[in-house]
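Provided herewith is a single structure, encoded as structure tokens, for subsequent inquiry.
Chain nomenclature is as follows: A, B, C, D, E and F, assigned in order of appearance, with residue numbering initiated at 1 for each chain independently.
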Amino acid sequence: MKKGGHWDEKGEVRMVDVGEKKITKREAKAHATVKMSPDTMVLVREGKIPKGDVLGCAKIAGILAAKNTQHMIPMCHPLPINWVDLKFTLNEVKNQIDIESEVRVEAKTGVEMEALAAVAVSALTIYDMCKGIDKEMEISEIHLLKKAGGRSGTYKRKSRG
Amino acid sequence: MKKGGHWDEKGEVRMVDVGEKKITKREAKAHATVKMSPDTMVLVREGKIPKGDVLGCAKIAGILAAKNTQHMIPMCHPLPINWVDLKFTLNEVKNQIDIESEVRVEAKTGVEMEALAAVAVSALTIYDMCKGIDKEMEISEIHLLKKAGGRSGTYKRKSRG
Amino acid sequence: MKKGGHWDEKGEVRMVDVGEKKITKREAKAHATVKMSPDTMVLVREGKIPKGDVLGCAKIAGILAAKNTQHMIPMCHPLPINWVDLKFTLNEVKNQIDIESEVRVEAKTGVEMEALAAVAVSALTIYDMCKGIDKEMEISEIHLLKKAGGRSGTYKRKSRG
Amino acid sequence: MKKGGHWDEKGEVRMVDVGEKKITKREAKAHATVKMSPDTMVLVREGKIPKGDVLGCAKIAGILAAKNTQHMIPMCHPLPINWVDLKFTLNEVKNQIDIESEVRVEAKTGVEMEALAAVAVSALTIYDMCKGIDKEMEISEIHLLKKAGGRSGTYKRKSRG
Amino acid sequence: MKKGGHWDEKGEVRMVDVGEKKITKREAKAHATVKMSPDTMVLVREGKIPKGDVLGCAKIAGILAAKNTQHMIPMCHPLPINWVDLKFTLNEVKNQIDIESEVRVEAKTGVEMEALAAVAVSALTIYDMCKGIDKEMEISEIHLLKKAGGRSGTYKRKSRG
Amino acid sequence: MKKGGHWDEKGEVRMVDVGEKKITKREAKAHATVKMSPDTMVLVREGKIPKGDVLGCAKIAGILAAKNTQHMIPMCHPLPINWVDLKFTLNEVKNQIDIESEVRVEAKTGVEMEALAAVAVSALTIYDMCKGIDKEMEISEIHLLKKAGGRSGTYKRKSRG
């Protein structure tokens, strides 16, 4: 696959050249879930996790991650992010924390990876804050909920089975 | 919760002081899964994703992420990592790529978060490489498989339902 | 404060959404002071600090810090900085080095934090370069001198008591 | 000063070679103050600053800064930090927030700069969180309170005039 | 050279203020060469270097480096890069790998340093991947091939002696 | 090369597991050259380059680069560097600046890449400082001069043709 001469044919990674794309308003929303034991859930809700404010720390880590996406995901572009937000919902029936991120930008390409990086790192931070108590936690359902702006128009996730 | 006077009681985040812990050999293994459409799966297997070598890029991103964990997860410690590795298995029955990481260190605290950061960022990179084709992909089953070394001994994940 | 259900009401940090703001020319100026012993002051002036060129190192650290502000201050936005400059004045009456920074940008939000980060990190670097000789040094009077551009117009610091 | 031939004599910056130093337990404590208007002070105390949890965000920023010190201050060494902590005291007489950091390590050199970077970046973050309301805030009294461990023994700041 | 009073005259580093420049399409191309033993060359060509895919890793490192240029080279500006690409040519007559980078942006200043950083870090990565086998490798001929866009127009390297 | 089933056989990058290596004192020295026009050389020597202190800026950039090597070169390990130094020699016969770096550490693996990263980034910085005047500059002769410590003993570069 990598013969003598030019090594630029197949397999090789490549960035998308966004030079011809228009600067437009774009946004993306993503989701992640952290499943935990009922006992851990209670401690999070009551603010009794020994390492402190789980969701406050997770939110800040998620915002910082969105801004660091270009350095974390090799083929991503630097983007002048206008806004990052994360919301957390404690689901005490399923014993899980649902995380939703929203990222907005005015740029030549979208912020899907920024939104996904935000929820993923936020979920990892929840794991870190609670891991002294519950190593069985699981992060799942990381997916894109919505993307708007740009030539391809609006995308909404079909199913959440 | 944050009255006048000292603001250091509850809620506030805190790092674990690892000063009294012993330097021992420690390792951690973690897992993540990226679910995709059958068509995307075929393109990955055949090396035909337009952005190039999906797993090669995902592996490098995962190794870099493990080394950057202390800056990504606020309460993590800097650690002199000896080794990071990731393995990818293409499951063409379930149409998913399974990622397993292994991280080794000789330090005062463990590398669970490094192993989890490696698989999470590796999975995000797979998403990024394939998202032009398949926006419905989902990352799930991010969990710790094993941890060894240190006072609390060896942990193995009980169930993988 | 963080009850079940949505955790998004109070206390939680949030970025300002700058999407509706106009891109305009903006600038900010900030100040910091490093107070030191008369002997340390002489060594700085005469270029005899053993760690070398104190102000040269401090200026570069300040410029790099301004460009890294978005990763250092969690709620800051990435900004396409046009210029960062720092000036140092040796005040041999008060035995202090005064630092002034100026940052310019054409963006949707201002560069106050970039200007403040520049002087603060520059002052920390002066401390680092001289600390082998003088541990009693003190950094103070870090404040915004001026800000211009944007909807809120020009701000100038009232008093410098 | 920079004649032909070797450019390595004076003025040039240089790192301290810590190779001959012993690995010992070391700690450092540092202090910073953020002065604000009485109205801002009330909003911080009551948790009513629109950008959210001021001190929670400032603490996380301070911990991350301590871990990033080697990249922020050019001549600093990478250090395997065991612990970083910050405490905030609301002084409603002087209308200021006092920040104290403590950093611990087992290494060949001390963590003074890590402790100072923690309080400085934490103070900058307080400024950022409140600057929409109060641009006149001032950061001052950034100094080392204490340093222990290593050949030079324990240092305590003499005066706090 | 650094007398009392203002320290801002000579010697001191300074960023170029790009505020008055126009946002235009700009591109830059750069080159580097890694010379190695004939045996190493064969191993690279045949994909038998024990550390794995040399050029795949070098390409990703080069792309990440281009995006990190502003933090690596002190006086560089942050730039909203549209595209980074690197091509590798195995020259089995001269036993060397030639690297060419291309970077595109729409900004107030050019991407020469981004293009040069990409080839330099890519070459360092080739060295790292092969150094277990061949410590005598040499990186050379790092230069700018072309620059286009902006007031100064197109530049092409004259000679490649 | 990347068939179904496990993707972990060939081509894939891998870190060296340094867990079984001994912690010993190690050092490395590296070299780079920046060739320029006679006129540029004179301006550097006389301190008249408009962007300021070329070698001062290049030295700081080189030291910071050595400390950032693990994040710049994907397969490198984090290392507790004891010392980084760079020396510059102005060769006015050949119209070139020679850069030599030296890096010391006490660790399980060597600092060759840190020494090479230091000279490479230092050379790039010289290019950046002078590029407004001389775009034809060339960086070359980046190689390892010496490596000592560790099981493989001392290496010295054979020839410098």
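Operating definition for what follows: a residue touches a chain if its C-beta (ideal position, glycine included) is under 8 Å from a C-beta of that chain, and two chains touch if they have at least 3 such contacts.
Given the structure is predicted, the values throughout are model-derived calculations rather than measurements.
> By that same contact rule, can you tell me which chains touch chain D and chain E alike?
Output, common partners of chain D and chain E: A, B, C, F.
> Counting C-beta pairs in contact, which chain pair has more, B-E or A-B?
A-B
> If you average the Cα atoms per chain, which one ends up farthest from chain E?
Of all the other chains, the one whose centre lies farthest from chain E is D.
> When chain B touches chain F, do the two copies use mostly the same residue numbers, with over half shared, or different ones?
Mostly different residues: under half of the interface numbers shared.
> How big is the gap, in whole Å, between where the Cα atoms of chain C centre and where those of chain D centre?
Taking the mean C-alpha position of each chain, the two centres sit 14 Å apart.
> Compute the distance, rounded to whole Å, between the mean C-alpha positions of chain A and chain C.
31
> Rounded to a whole Å, what is the gap between the Cα centroids of chain B and chain C?
Taking the mean C-alpha position of each chain, the two centres sit 35 Å apart.
> Mind pulling the chain A residues that touch 2 or more other chains?
Counting only residues that touch two or more other chains, chain A contributes 1, 11-16, 47, 53, 56-57, 60-61, 64, 68, 74-75, 78-80.
> Write out the stretch or stretches of chain B touching chain E in their complex.
Interface residues on the chain B side: 53, 56-57, 60-61, 64.
> Could you pull out which chain A residues touch chain B in their complex?
1, 10-16, 47, 50-53, 56-57, 60-61, 64-65, 68, 72-76, 112-113, 116-117, 120-121, 123-125, 127-129, 131-132, 135-144, 147, 155, 157-158
> Quick check: in the complex, which residue numbers of chain D touch chain B?
Listed in rising order, the residues of chain D that touch chain B are 25, 45, 47, 55-56, 59-60, 63-64, 67-68, 78-85, 87-90, 92, 104, 106.
> Would you mind writing out the residues of chain C in touch with chain A in their complex?
1-8, 11-19, 70-71, 74-75, 77-80, 107-108
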